[in-house]
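Letters A, B and C name the chains as they come in the text, with residue numbers starting at 1 for each one.
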C-alpha cells in the first residue's frame, strides 16, 4: 500500500509538468492584449507599451515560459493584470467560499442521493421509487443556471424563506440555494447509481445466504448490500467532485457567490493570464491530489482490487 | 476670472437652494447605504482606474479640486475658487482650509498620515506621482498639456515643472497651450489628492487594497467578489446648509452582484440593496406610477417599487464605419437612412434613449438642437445603395462586430432586421472586449459597435478625441476619419478660450461629420436608478449613477 | 483512477465472441425496457423534428414580427404562438423547433470529435504499446486533470469569436480521454486473449484482427458513452450561453434562448426562458434514457456517467 502510494505520487510529477505546459501554451497564442484593456477604450500608446514591458509581454515566448515555471516552482504565480493582486492570494481568498459550497453540495448530494437510492432499491417499483427516479431524471437534465433562477424565484421571491443572495458574511441560510443548485446533479446521479448497485447486489448469492441465515432485512441491506454498492458510489463521488469544480462557475454567477468560479470567468473576459493560468494550475493540482486519494481509498473499500 | 468665480458661486447657491427644497424634513443620522456593483472593481486607487465600477467606489473615498454638480455645472470641491490668467495658460487654485486625510481606516487602524491637513504640497506630490513614468497611470496623459510633462516622462526632468505650491493653500498649474476644458479634466476622478505617507507605506501595487483619501467615507473592508464596506469619515470637512456635520450615513456597503440582471433585481425586491439598475424586463413595472418633478431635466416616477430616476447621460451609442474600408459615403449615409431609431429605441430599450442626430449629446455645451441628422427613410436608403451599385441582385454584405453583452446583442439583432428591410445582409460577429478593441483600433474591422461617455463635459472630448486624425487608433478615432477641414476646426476650438467661438467651431465641425457619416448614429444615452422610497436627498448626477456621491444621502427608516 | 478503469474494462469484455446473437439478445432486452423505448422515441422524434423543421415551424425563426405590430413583442402563449414570442416578436415555438437542429448538431458533432480523437489515440496506445502508450497515457492524465468546464471555457476563449464549430471542437478536445482509455483497455485485453493469439497464429493480419476482434468489443461501450455524453453536451451548451460564451446570435440555440430570457423570468414573461429550457430537459432526458437502456441491453458496466 505504501509503495503503491509512493509510486502514484512519483507518477503524478510528469502529469503535473504537462499541466503546467498546457496552461502556459494555452494562453500564449491568445489574441487580445491585456495591456490594452487596462488602458481603457481611449488609451495612450506610450502607457500601453510601458505596461507590456512591466509584465514582460514583450519578451520571447520561451523566456516567458521558463520564468513562469521557475516562479511557479517557488509558489509565485505572479500578479493579476487586472488589479495587481498576488495571484496565489487572489486564489486562496476565494477558496473558502468555494470549498464551503462544494462540501455542502457533496454532503447534501451524498446523503440525500444515497438515501433516496437505498429507499428506491428496497421499495423497488413502488410509487416512491417512481417518484424518486423521476426527480432524479429531472435533476440530471435541467440546465444549472435555470434551476438556480427558479429556486430564487420560488424560495426567495415568492415564499420569502431565503433572505438573499451572495455570501451573507458566511451565514448558513445563504448557502442553502447555491448548495441545492450545485447538488442537484450529484444527488440525482447518486440516487440512480446507488439504486442500481443495490439491486444488483441484493440479487447476488451471498445476500440470499445472509437472508437465509435469518439476518433482519435492515442488517442485510446495510451490512452487505450497501457495503458492496459503495464502490461505484465512491467513483461517482470522485468524478462528480471534479465536475463540480466546473459547475461552481455557473452557480456562483447566479448566486453572486464569491468563489473561484467567478474569479475564473472575470479573468477570462479580462485576459488576466496570470489569474487564468494560476487558477487552472491550482485546480489541476488539487484534482491530481484528490485522484490519488480516491485511488488509495479503493484499496480500503474493495479488497478485490490489488496493487503490485 | 471674476466671471468664472461668480459663476461658481452662483452654481453653489443654486445647489444649496435645491437641496434645501428637497430637505423639508430634518435629516436623520445613521444607517448603511446598501448598493450593488456589477463586477468586482479592478481598482480602488483612482490613479489606475479607467472604468465606471471602480469610479463609483472611489468617488466616496477620494476628492478632486473641482467637481460636477448633478446638473452638470462645475463647482468647487477641495479648491474654494480658482483664477485663470489672461492667456489661459496659468491656473491658480485657492485651496479649502481644514480638509484632512482620513485619520483611521480598516476597523480603526491609524493611517500613516495620521489625519493631517491637506496642503498645496500634497497636490504637487500627487500630480508628480500620477505623471511619474514609473507609476504608469493609464490616465496620466489626460494632463499632458501641463508644462514639463514631456521632460518628466522622458527622464530629462526629475519633477513636473508646471505644478507649484505658492503657499500652503495656493496651488498653481501652468499648461503649454490654452486648453479650455483643462479645469474640467481636473474634475476627473484620477486627479484626487493622495496622502503620500500611505501610498509609500503600501507601495503602488497595494495602495489599491488600502485606499486612503479625504472623502466623506473611509475604506473599511474589501472582500473580493463579495462586498466593499466603507464607514463614515467623522472628520469630514463638509457641513450641510444648517451646519450639520456630513455625511449622515454611518457607512456604505457595495455588494458585488455579477451581471446585474435577475439576481440584482431579486436582491432589490428582498430589500437587501436600496438602489438598483433596472434592466429592460422590469422597466414597465417601475415606470407605471406617479410622475413627480424633483429636479428639472430629470424624470422621476414613484411606484410601489420605489422612486425611479432617469436623466440624460453625456454619451452616444454608435456603430462606427472604418472609412478606409467602407469608402463610399453613399453607403454610410444609406445605412443611416435605413434604421428607424425611434422604433428601435421603443421596442428594444423601452424608449429610454434619444435618437442620435449627430455626435454631441444634449448635455454637452455645443449640442445643436437644430441639427436634423438622419431620419428614417428607407426609400432614400435604397436609392443611395443603388447609386453605389448595390441592389437586389448584388446586395450589400456587411459584418458588424460587437463586444459580448446581452444589451449590445439586443440592439444588433434589431438593426440586423431593419437593414434586411432595405436589402442589406448584416451578419453579426460577437467577440470579447479585448479582441474587439484590438482588432478595431488596428483598422481590421469595417463595421463595429462602440459607445462613448464623456470624461468631461466638453465637445472636445467627443469631436477631437473620437474623430480628429491625430487620434486615429487607440486614442479614440476608431473610424479612422480623416478630414482636413474637420481637423482644422476642432483644433482651433481646442485652442480657443472664447466659449461662443468654440461652440460655433464645434457646430461647424459636427455638421461635416454628420454629412460624411463615419458612424451609424444610433442613440444618446440616458441613465437611471431605482431607489427605495425611504432614501432622502438622492439625486442622479450629470454623468450618470456611477458618479454619485452619497455624502448628503440619508435614510428615513 | 487507473486501477478501477482497468478493472471495469476487464469485466466489460464479454465472454462470448461478439456476433449476431449478442446484438439480437441486446435488441430483445432493449425493447423489453419501457424507459429505454421512451428514450428512443424521444431521440428519434427530435431527429425528425430537426430534419423537418421548416415544415413544422409555423414562422421563420428569425422573423421579427414586432416591428409591424408592437403587441407581438413578448406576447404570451396563444393559439397563434403556442410558446409565445420574444422581445422582437419572434415566434418561440418556431425557434425551439429550429433550435433542435443547433442543439442536436452540437451534441452529435461533439460526440463525433470526441470519439474520433479518443479511438485513434486509444488504439495507437493500445496497439503500439511502449513509449507511444506512455506518451498517450500521459496525455490522457494531463487532460483529465483539468476541470472540465473551465478547460472548455479556456479553449473557447482562445478564439476571437465563438462559433458552433469552435464549441464542439473545444468539447471534443477536452472529453476524449474517457473513450481513449476504454479503447486502450480493450486493446490490452485483446492482446492477452486466446482467440486473438489464435488468429495471429493462423496468420490473420493486424487489420483483420482489429476489425474482427477488437472493434466490436469497443462499439457497445462507446455507443453507451456517446449517447449519455450527448445529453450532457446539450446542457453544457446552455451553461456556455449563460456565461456569455455560447453560439453567436441570431442562431436559435436553446441555451442562448433560455439565457436571453432569464431576466424575464422574474418579470412575468416566463415563456422566453422556460420553453427552450423544457426542450433542453426533454432532450437530455431522451439521451439519458436511451443511453441507460443501451447500457443495460448491451450489458456494459460503466463507471463514467458523464
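Worth pointing out:
The definition used in the following text is that a contact is a pair of C-beta atoms (placed from the backbone, for glycine too) under 8 Å apart; a residue touches a chain by one contact, two chains touch by 3 or more.
Fair warning: this is a prediction, and the values are worked out from it, not measured in the lab.
With respect to chain A, maximal separation of chain centres occurs for B (centres as means of Cα atoms). The chain pair with more C-beta contacts between its two chains, of A-B and B-C, is A-B. For the pair chain A and chain C, the distance between C-alpha centroids works out to 21 Å. Distance between chain A and chain B, defined via averaged C-alpha coordinates, is recorded as 40 Å. Chain B and chain C have CA centres that are 47 Å apart.
Across the assembly, chain C contributes residues 157, 160, 244-245, 262, 265-266 that each touch 2 or more other chains.
Chain B has residues 262, 266, 269, 404, 432, 435, 439 in contact with two or more other chains. The set of chain A residues that touch two or more partner chains comprises 31-32, 149, 153, 157, 253, 265, 269.
On the chain A side of its complex with chain C, the touching residues are 14-16, 18-19, 22, 26-27, 29-32, 137-138, 140-146, 149-150, 153, 157, 189, 193, 232, 235-236, 238-239, 242-243, 245-247, 249-250, 253, 264-265, 268-269, 276, 279-280, 283-284, 287-288, 291, 294-295, 298, 305, 307. On the chain C side of its complex with chain B, the touching residues are 62, 64, 66-67, 70, 73, 87-88, 157, 160-162, 244-245, 248-250, 260, 262-267, 269.
Within the complex formed with chain B, the residues of chain A that make contact are 31-34, 36-48, 50-51, 54, 79, 82-85, 90, 93-94, 97, 149, 152-153, 156-157, 160, 163-167, 253-256, 258-259, 262-263, 265-266, 269-271.
Put simply, chain B touches chain A in their complex at residues 39-40, 42-43, 48, 50-51, 133, 136-138, 140-141, 153, 205-206, 208-209, 223-227, 255-259, 262-263, 266-267, 269-270, 272, 404, 432-435, 437-439, 441, 450, 452, 455, 465, 473-476. Contact residues of chain B toward chain C in the complex are 261-262, 265-266, 269, 279-282, 285, 340, 343, 346-348, 404-406, 409-410, 412-414, 416-418, 428-432, 435, 439.
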